[in-house]
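Given below, in the form of structure tokens, are the structures.
There are two complexes below, and they share subunit A, which is joined by subunit B in the first and by subunit C in the second.
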Partner chain A sequence: MKPPIIDSSPIISLAVIGRLEVLEELYSHFCLPVQVFEELQFHLTRHISNAKDLIEALKPRVLILKNALQSERTAPHPGLGERACLVLALETGITNLLIRDKHAKTYAEQQGWFCFGTMALLLSAKKQGLMLELRPYFETFAASGRFYTSQLLNHVLSLAGEQLL
Partner chain B sequence: MSDAIKHECGLAYIRLRKPIEHYLSNYGTVMYGVNKLYLLMEKQHNRGQDGAGIAAVKLNPANGNPFLWRNRSINNQPIADLFAQVGQAVGEIEKYQPDILQHPHVAKGHLPFLGELLLGHLRYGTQGKNKVDFCHPFVKRDYHHSRNLALAGNFNLVNTEELFDLVNMNPGEFQKQSDLAAMMEVVHHFLVKEDEQTPGNPSLANVLRKATPLFDGGYHFGGLLGNGTSFVMRDANGIRPSYYYIHDDFVVAASERAAIRTTFNVGENEVLELMPGCALLVQADGSYAIEQILEPRERRACSFERIYFSRGNDEKIYRERITLGHKLSKPVLEAINYDLRNTIVSYIPNTAEVAYFGMVKGMEEYLNHIKVQRIMSWGADFDEEKLSEMINRKIRQEKIAIKDVKMRTFITEDVSRQDMVQHVYDITYGTLRSNEDTLVVIDDSIVRGTTLRESIIRMLGRLKPKKIIVVSSAPQIRYPDCYGIDMSKLGDFIAFQAAIELLKERDQRAMLTDLYRECKELQRTSQLHTRNVVREVYAPFEPQEISDKIAEMITTPGLGIPVQVIYQTIEDLHASCPTNTGDWYFTGNYPTPGGNRVCNKAFMNYMEGKNVRGY
Partner chain C sequence: MNVIDIAPSKAEELDQFAGNDMPLGRRLRIWGAISLNLEGKVSIGNAAEIAEMHKGAFEDYLSDHHVPISLLTIEDVMRDVETIRKLDKQ
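Moving on, here comes the complex of A and B:
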């Protein structure tokens, strides 16, 4: 898979389970727009103890939009981070997006781009042997108050061949 | 109030019934719920300043988003601290997305506490240490959305150990010290069972019907579930207060009616009392119901709420405090032998002020009656001067006592320390005629009598009144509380100390040992809850005898001024506060079995020299 553009939510989820390095291992050239980076600085410092190190590690991945002003017309979305991901895709021609937001996904799919989410990424990580089991990470999601429907978690666990919740 | 009994906790609950964008378009801000929660808590800050906590649940979260937020603080100004943190988060996000508050969905996704279900708590710790970990709400997280639970309340349970046993849980050190931890385990235990029956949509009413009969205590508690349902519930005796208000856009509940009225600018009769044993249940779709969860028992709403705890700006509480004071005017008039010319009346700031107004009203009524009688008796025999002198007779009122800021006891040497402690209160000089005027001061209650003895009486004595009369708008506090007020040690109460002194004087001390033995026996046979043994300590004495002994005990040595104490009678308390008949701290008549046990335990602790709570 080509290196994707990544929105903040999947990065936060990986940071919460302490496995942000999986991104690097799966997609050595992933990138994120500066607007997502700004969001991350806010959210990571609230959720993660070693946020500073993670923010430093993400810095080299940050791309600045060439024409941020046109973004609202090009990719209408009220969320600045999501909008920036869509505009970055337009500007760079990168058509893989690791993005969760429903509206952003609809827009991207209308453009013929490929969107996937955190669960697909975790399944890939397991397939490639980067994670032995997903269930313990789901426990961490629950403990940290991140929402995933139990149906979704059980679906992923069944795909991963693990015991359901 | 002179003796600082620490306040009990307060609860604030708000459920927004419309999507967040509705509040932006109709109330001008997406922060409507959070702003109102802040106000609702601030308007109840009288109920606890040891700490505060808030929780929020966001409805319909997207996968990957946090949906249940909780923050707690034991900062000096905990409510302000919590909401400053909320404001700080908004400020930080606005730095990179300045218009975020104009986009409700984006704001909801990013901003902590921008949820539809909001729960706030003000803490005074009657149990557990003053650490942030003990602050409510407690949160239990789970994979299953509907099993996530945030819980907070104004309560005290006296059977926490039993509760842990009932759910087969071996509590850790932290849990042992928290009755909310026990409550949480029990509620969550039944929540999981109910969720197994109806996955994703457990019936909260069923959960509460199974959990709450196990609680022994007084409680008003609220909970938020991850699936968007929520509740507020009150104990079967209605010991702790609970009020709610329903609006098309929101449902609100709180410990005090006036707090809801002020926060939402609504009328007296729009805010309803949640009746004993009832729960206010709000579903994920915003519909609500009031359900009788427990059979209501004899109503025993805490009378101390009316005397002192709740804010006096509540319409009914204000009237009741006026009546409490009014009822005392007659015994005061008798005590001063109706000599109003040589009597100054005043109050101990600040909460006794309303009862003071009532007492003065009662005295004015007497004075006006006398004026009319005198004038009538004159017939035509009067002139302008005589009439003017008569109608200008007034109750002599002065602002005598002034409460200063808390004195820091930086001096450890006993003598100097005592000298500092007396300055907690100050007096207004030149307000009375030395050795001529009797000084009457009213206070809400006399718990330990320490401040009266060490500060107030000493300070009042400097004015050299002919006599000092201390009036208490509450009856004698004789028994410990175990339902949320921090009055748990028997030996602390001046009324108990007075009874002990009287027993000693009358050579009846052996009775204490007999009663202690009886308690031990009751404990051995697990019958400690069946009888309030401590009543026997007071049985040999008339209330007046105890009052007189208290007067003696609060008199500063060497004062040289007679001191008298007048207490409210139990009958007049009930006549003044007819809906709040809970009077166990005055009568020993506890509404739940655990009350007798705690009271007897407190007596055993006293006899064994243990300075610990009886629960």
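Moving on, here comes the complex of A and C:
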């Protein structure tokens, strides 16, 4: 798969479970816009003990947009980071996006781009043997303030062939 | 002048979502942002901007109040899985 552009939420979710390296293993040349990087710096510093190392590891992945975001009209009602991902895709021609937000995904899919979210990424990581079980990570989400509905998590666990929460 | 009357039940919701130690205007802003996101009208990033919060802080806030940070459906996940399958074949 060609390397994707990645929004902040999937990175935060992987950082919370201590498995950010999975991104590197799956997509060795992924990238993110500087606006997403700034969101990450704020969040990781507050929540992750080794945030400094993670931030340093992400720095080489950061791309700066050529066009000012304010002048771009992309999907209706995306946030700054999500908008930056879409603009970066327009500028670079990278058409794979790891992004969770529905508005951004709808816009991207209208452009013929490919989008997927954290849950599908986790299933892919398990399929490729990078994660043995997803259930412990889902329990960590709950304990770390990443609240997903149990219905969603249990569906993913059933797809992964694991015991439900 | 238009007067907005907030029913007691709505006021309780505001307290639940925004904390009753905040000024009413701030509570309304956060409550509105959460509602718009839950209704699918705005993205979580845009909702954070409306709430005048950092996206990460907004997600923390949602989680603290047991509001899901993802509105993905099971169908969305299935579609994403299929997308990865297609991309892996490329």
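Definition applied: the second predicted complex is superposed on the first by the 157 of 165 C-alpha atoms of A that agree within 3 Å, B and C clash if a C-alpha of one lies under 4 Å from a C-alpha of the other, contacts with A are read in each partner's own complex, and residues count from 1 in each chain.
What we mean here is this: a residue touches a chain if its C-beta (ideal position, glycine included) is under 8 Å from a C-beta of that chain, and two chains touch if they have at least 3 such contacts.
Because the structure is a prediction, the values reported are computed rather than measured.
Student: So, on subunit A, is it clash or fit between subunit B and subunit C?
Tutor: Result for subunit B and subunit C: clash.
Student: Looking at subunit A, does subunit B or subunit C touch a larger number of its residues?
Tutor: C
Student: Which partner does A:Pro10 contact after superposing on A: first (subunit B), second (subunit C), both, neither?
Tutor: first
Student: After the superposition on A, what does A:Ile64 contact: first (subunit B), second (subunit C), both or neither?
Tutor: The answer is neither, since A:Ile64 touches no partner chain.
Student: Look at A:Leu164 in the shared chain and tell me whether it touches subunit B only, subunit C only, both, or neither; answer first, second, both or neither.
Tutor: neither
Student: Considering only the touch criterion stated at the top, classify A:Gly117 as touching first (subunit B), second (subunit C), both, or neither.
Tutor: both
Student: Regarding the shared-chain residue A:Phe138, is it in contact with subunit B (first), subunit C (second), both, or neither?
Tutor: A:Phe138: touches subunit B, not subunit C.
Student: Just subunit B (first), just subunit C (second), both, or neither: which does A:Arg100 touch?
Tutor: both
Student: Which one of 112-120, 292-300 or 454-462 is the stretch of subunit B that crashes into subunit C?
Tutor: So the stretch of subunit B that bumps into subunit C is 112-120.
Student: Just to be sure I follow: which residues of subunit A are touched by subunit B in one complex and then by subunit C in the other one?
Tutor: Common to the two interfaces on subunit A: residues 9, 12, 39, 42-43, 46-47, 78-80, 100-102, 117-119, 145-149, 152.
Student: Taking the complex as given, what residues does subunit A use to touch subunit B?
Tutor: These residues of subunit A touch subunit B: 9-10, 12-13, 35, 38-39, 42-43, 46-47, 78-80, 100-102, 117-119, 138-139, 142-150, 152-153, 165.
Student: Note which residues of subunit A are touching subunit C in the complex, please.
Tutor: 1-2, 8-9, 12, 39-40, 42-43, 46-47, 75, 77-83, 96, 100-104, 114-121, 123-124, 145-149, 151-152, 155-156, 159
Student: Sort out for me which residues of subunit B touch subunit A in the complex.
Tutor: 61-69, 89, 92-93, 95-97, 100, 103, 105-106, 109-110, 112, 139, 141-145, 148, 200, 226
Student: In the complex, go through subunit C and note every residue touching subunit A.
Tutor: Contact set of subunit C toward subunit A: 40-49, 54-57, 59-60, 62-64, 66-74, 76-77, 80-81, 83-84, 86-88, 90.
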